[in-house]
Amino acid sequence: MLFIVKENHDISSLLEKIRMASASYKVVDIYGKRIVIAWPDNLVENIEDISIDAKIRVRKPYYLVSNEWKSGKTIVNVGGVEIGGSRIVVAAGPCAVEDEDILMEIAKAVKRAGASILRGGAYKPRTSPYSFQGLGEKGLKILKRVSEAVGLPVVTEVMDTRDVELVKSYADMIQIGARNSQNFTLLREVGRAKIPVLLKRGFGMTVEEWLLAAEYILSEGNGDVVLCERGIRTFEKSTRFTIDIGGMVIAKMQTHLPIAADPSHPAGNRDLVEPLALAAIVAGADMLIVEVHANPSKALSDSEQQLTVEMFEKLMKRLKAVAEAIGRSI
Amino acid sequence: MLFIVKENHDISSLLEKIRMASASYKVVDIYGKRIVIAWPDNLVENIEDISIDAKIRVRKPYYLVSNEWKSGKTIVNVGGVEIGGSRIVVAAGPCAVEDEDILMEIAKAVKRAGASILRGGAYKPRTSPYSFQGLGEKGLKILKRVSEAVGLPVVTEVMDTRDVELVKSYADMIQIGARNSQNFTLLREVGRAKIPVLLKRGFGMTVEEWLLAAEYILSEGNGDVVLCERGIRTFEKSTRFTIDIGGMVIAKMQTHLPIAADPSHPAGNRDLVEPLALAAIVAGADMLIVEVHANPSKALSDSEQQLTVEMFEKLMKRLKAVAEAIGRSI
Amino acid sequence: MLFIVKENHDISSLLEKIRMASASYKVVDIYGKRIVIAWPDNLVENIEDISIDAKIRVRKPYYLVSNEWKSGKTIVNVGGVEIGGSRIVVAAGPCAVEDEDILMEIAKAVKRAGASILRGGAYKPRTSPYSFQGLGEKGLKILKRVSEAVGLPVVTEVMDTRDVELVKSYADMIQIGARNSQNFTLLREVGRAKIPVLLKRGFGMTVEEWLLAAEYILSEGNGDVVLCERGIRTFEKSTRFTIDIGGMVIAKMQTHLPIAADPSHPAGNRDLVEPLALAAIVAGADMLIVEVHANPSKALSDSEQQLTVEMFEKLMKRLKAVAEAIGRSI
Amino acid sequence: MLFIVKENHDISSLLEKIRMASASYKVVDIYGKRIVIAWPDNLVENIEDISIDAKIRVRKPYYLVSNEWKSGKTIVNVGGVEIGGSRIVVAAGPCAVEDEDILMEIAKAVKRAGASILRGGAYKPRTSPYSFQGLGEKGLKILKRVSEAVGLPVVTEVMDTRDVELVKSYADMIQIGARNSQNFTLLREVGRAKIPVLLKRGFGMTVEEWLLAAEYILSEGNGDVVLCERGIRTFEKSTRFTIDIGGMVIAKMQTHLPIAADPSHPAGNRDLVEPLALAAIVAGADMLIVEVHANPSKALSDSEQQLTVEMFEKLMKRLKAVAEAIGRSI
């Protein structure tokens, strides 16, 4: 049960009533409101209090993430770029930050082609301990310099609770990768950090679990979450992962948060990126995050699926045409 | 290895050479050509014969289905409707044929909205023996009368080798359903029947197996096959099946055959049909097959996912806009 | 709802009452009883009739297959071999029948090692039309001669409704393979043939669908069905399929029918066959079906996973030890 | 490439040669040896040095985890209990630590029945932020007191890199849960902590990725890792997860590390725990970890799948009989 609190009202008597009912609760300040989440519903449904502006029973296991209580779509502002409005936002850049000059070249090129956020990994979650693990803080510094020089806000991944503050000091948006999507202590930490979060869906994760992972972030008072579909693991091996367009649509129907899609990781092959990106857009994605490299064959990771700059330019043209056909822009 | 035979040439010496090499072979007349398929490659690669117009080594396990030997996309003609050209074809109609008046109403409505093929099941593969199994031949007769009255060719499913000739006498295109997609004797039989085939992908079937299932049909000399993606089975249960847009793109890249998508079965809920249909189109589908019912809540099967006529009209408008954005029409 | 009919009672008034209630029904003679299955439950729950011996509401979608109405495990008798009792039955033999002498050698060896049924395919469902498809009726004749010479009943697969009677005339048990497990017309046909059936679970099929596939056979009056788990398709590729031991246990809990396991197909590698066979036995399998070949490397199909005779002898010894430890025998 | 270093030899010249070859390397002290791991193979295969005792090319992507270089099975010692020998080790206890008296009762009961390690969660990874999250350090203290009173070493989960040292001070073995199995910074941290680790397989993780996750731990010099299969996510929903017995066998074939199985989480229902536990044992598991609760219906988490003490006693008797049948003990 959500109790929306009247502005500037004291909640001590409300909390006392919840405790008397032997119910659990959490107080969250989010979207300019104070909300008392109390559960289970049956213990608190008859509670009345002067401080209550509205009492809303959410039927889903995720409360704050659900659109049952919040009307209208949430807009997430990343360094001035609005995600969730009628304009579709494209983030682009290399899989990993490798070199400042190369990143500068890529950043300029993707901006010119229409991207409005720069992506790039400084901390890379790699299956093998012997693969390139990213440049760490050095990579963050490069990202920051390129970001400022080119004028694109930056999204980058964090993998360790101990690194959240550091990454926040360099980035405009923090990415939680697929392998950490149920790393609950990390989710809480980025919730507390109050920075926009791009939350990838784990490749073995249901849509409901994905929304509950977002609930971990919102329940710490951080409402700036974008949910990113990036493919699930299935028996089919002709693609690297199976992009779950249907699951993405279901997520969009359940939440007020913006939805993103990553067409690069499920593709595993650059020729598939364009059709998957177009499919995600017409199915309702508010944002795309695409891997682009100046020279993909020399990339230290994901060399197979990063687009060349030329391919990205062509993709942006087709995205624009399709976005207009569904009444949106890029 | 494919040996394309020169027109009007005798192949007896070629076949003798293949037999002498202890290789296997099959002679197929397809797409206006006579082709001798011989395997394994290493036993026949040095064979030369006066009858050979071209010798093509296909690297895929499916030979005739592969686009390694046949340039250009194959156009499948279904009662005058061309599938595989720049125009996207929409087949629509109820899950099952239930009543002539209702079918007539639906057929007129979907034609008015822009559909060019009528779908409807007379033989229904149902999970339970106690569910409605379709009207059988009575359903075929209804389909035929409505088809002629309204002027739409018909696609309908066959489930038994013994029914192929009967269904062929009423239908313009035969559908092989997901549960029979590796019913190899049925595949051979529709291959021999020389009627256009809509081959659904099984929900537990890889893309490669799907293309090999089509090879069963082509290897009997029937080149009029349309491959239809309809969702695979995964751990995600918020949708009925997971439409595999990536797998559909891979299939399109490997074959010269037209590709279709069925957005109704993976949706399992009519609100998902539109986004999935749009996604399939922009990713490259040449055809859509959509379940539409005049009164879905009263349908004897699949009542949750059949579109109302109004929803179908709205879908067609959005499909047209998106098709134009990618340089195609509907 | 199941109406168990009193012996030698006329059911015409019962059927008339069901029709009057606008319910559907099917009359099945099975396990020495006449049973009227009527649905939906709510329309028939108040029907009383002199012919009714017992009225049982089955909560599962599969009625006859469920153990809610039938107490005790069903024993399926295959040429004198009882499946479903305390003795675990092992069927063994080559993937495909290739040659009479080789089959004779294998049959003698597996009998000596303790197998009590001979397996071997005459009709082989192959992914590619260019793979060895089995010897057909010639293979059935070989199976029959070897069966009689060695004294082992035979189980072999049927793939086409038109072949059921022919296969029945040579075999003691008919196998429905994984790819035909939802070929409903074939299921009905083997139901009518009244011969023991080994029903493989499809690799994309849920346990509930598997039990409903068996219901197709039982609803034609054939109660001699053994359910065979053979692995499902998952993202894991280090084995050919993922044997679903848990799903097999669930099936055993829901039905009175015997349960079998095929450890060869999920293994895809002969070193895995023994651990999977042992696991299936201790989890409750009543029967195993194992691929054994005198010279696996020369087999025309499944050469990787067929056991040598020596490996099979060793497997039987370990199976015996484990069977005794759980209070059963082999 | 693994270079096993001679005892007490200086490796500076070897490392210099590797650097000169432009190869990467890592020096690991493990199993009483110093090992220099260098890659890629082709750059270092011709390197010779006085310090090299053996040079081993491992063909798998996981080097230290592979049994290509280390003969014999590794024994992991947890508070005096040896995992990986002929005796099968059973860890048992509640899902979560809730109360000291209850835990004491459970611990005594499972010890009496034959368990040799106590399990219990103080930090619980829960899908929802509103579910019971464990008692944290208070739970660790309870575990420690019960462990000492009853005389059973303890295994418990850690979820945050910042908690590793704290958990180590209370526990004998650290568990990495399925949701953190690719939390690479946590894997490195438990690698550095040099405490035995029970590494659960993620439910969306391949066997190869699981072994590579273990490699993260070993590459920090911690060789005391037990690999625990606990079920993967598949389309089948009659069980909570699908225990992958075949994948477990493959892992056992590839590594020298002991293998465990958790039959409780895939079961999701206490009646399935026994057959899955028996299946895991006969397929080769060296350890089982089983959820047992004095009063499962009152448990704050996983109440459906925890065994009662009576069920656990019965399970232990059947496990003993089966273990003996395969030449092992419990």
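Here are some notes:
We call the chains A, B, C and D, going by the order they appear; numbering starts again at 1 in every chain.
Keep in mind that, in the parts below, a residue touches a chain if its C-beta (ideal position, glycine included) is under 8 Å from a C-beta of that chain, and two chains touch if they have at least 3 such contacts.
The structure presented is a predicted model; accordingly, all values stated were derived computationally and were not measured.
Fewest steps needed to get from subunit A to subunit C, stepping only to touching chains, is 1.
Taking each chain's centre as the mean of its CA atoms, A is the chain most distant from subunit C. With each centre defined as the average position of its C-alpha atoms, the distance from subunit B to subunit D rounds to 49 Å. Per-chain Cα centroids separate subunit B from subunit C by 32 Å. Separation between the centroids of subunit C and subunit D, computed from CA atoms only, is 38 Å. Within subunit B, residues 204, 232-235, 237 each touch two or more of the remaining chains.
Residues of subunit C touching subunit D in their complex: 204, 206-208, 231-232, 234-239, 242-247, 249-250, 253, 266-267, 271-272, 275-276, 278-284, 318, 321-322, 324-326.
Subunit B makes touch with subunit C in their complex at residues 24, 26, 37, 39, 61-63, 125-130, 159-162, 179-180, 182-186, 188, 202-205, 209, 212, 215-216, 219, 232-233.
Residue ranges on subunit C touching subunit A, taken from their complex, read 233-235, 237.
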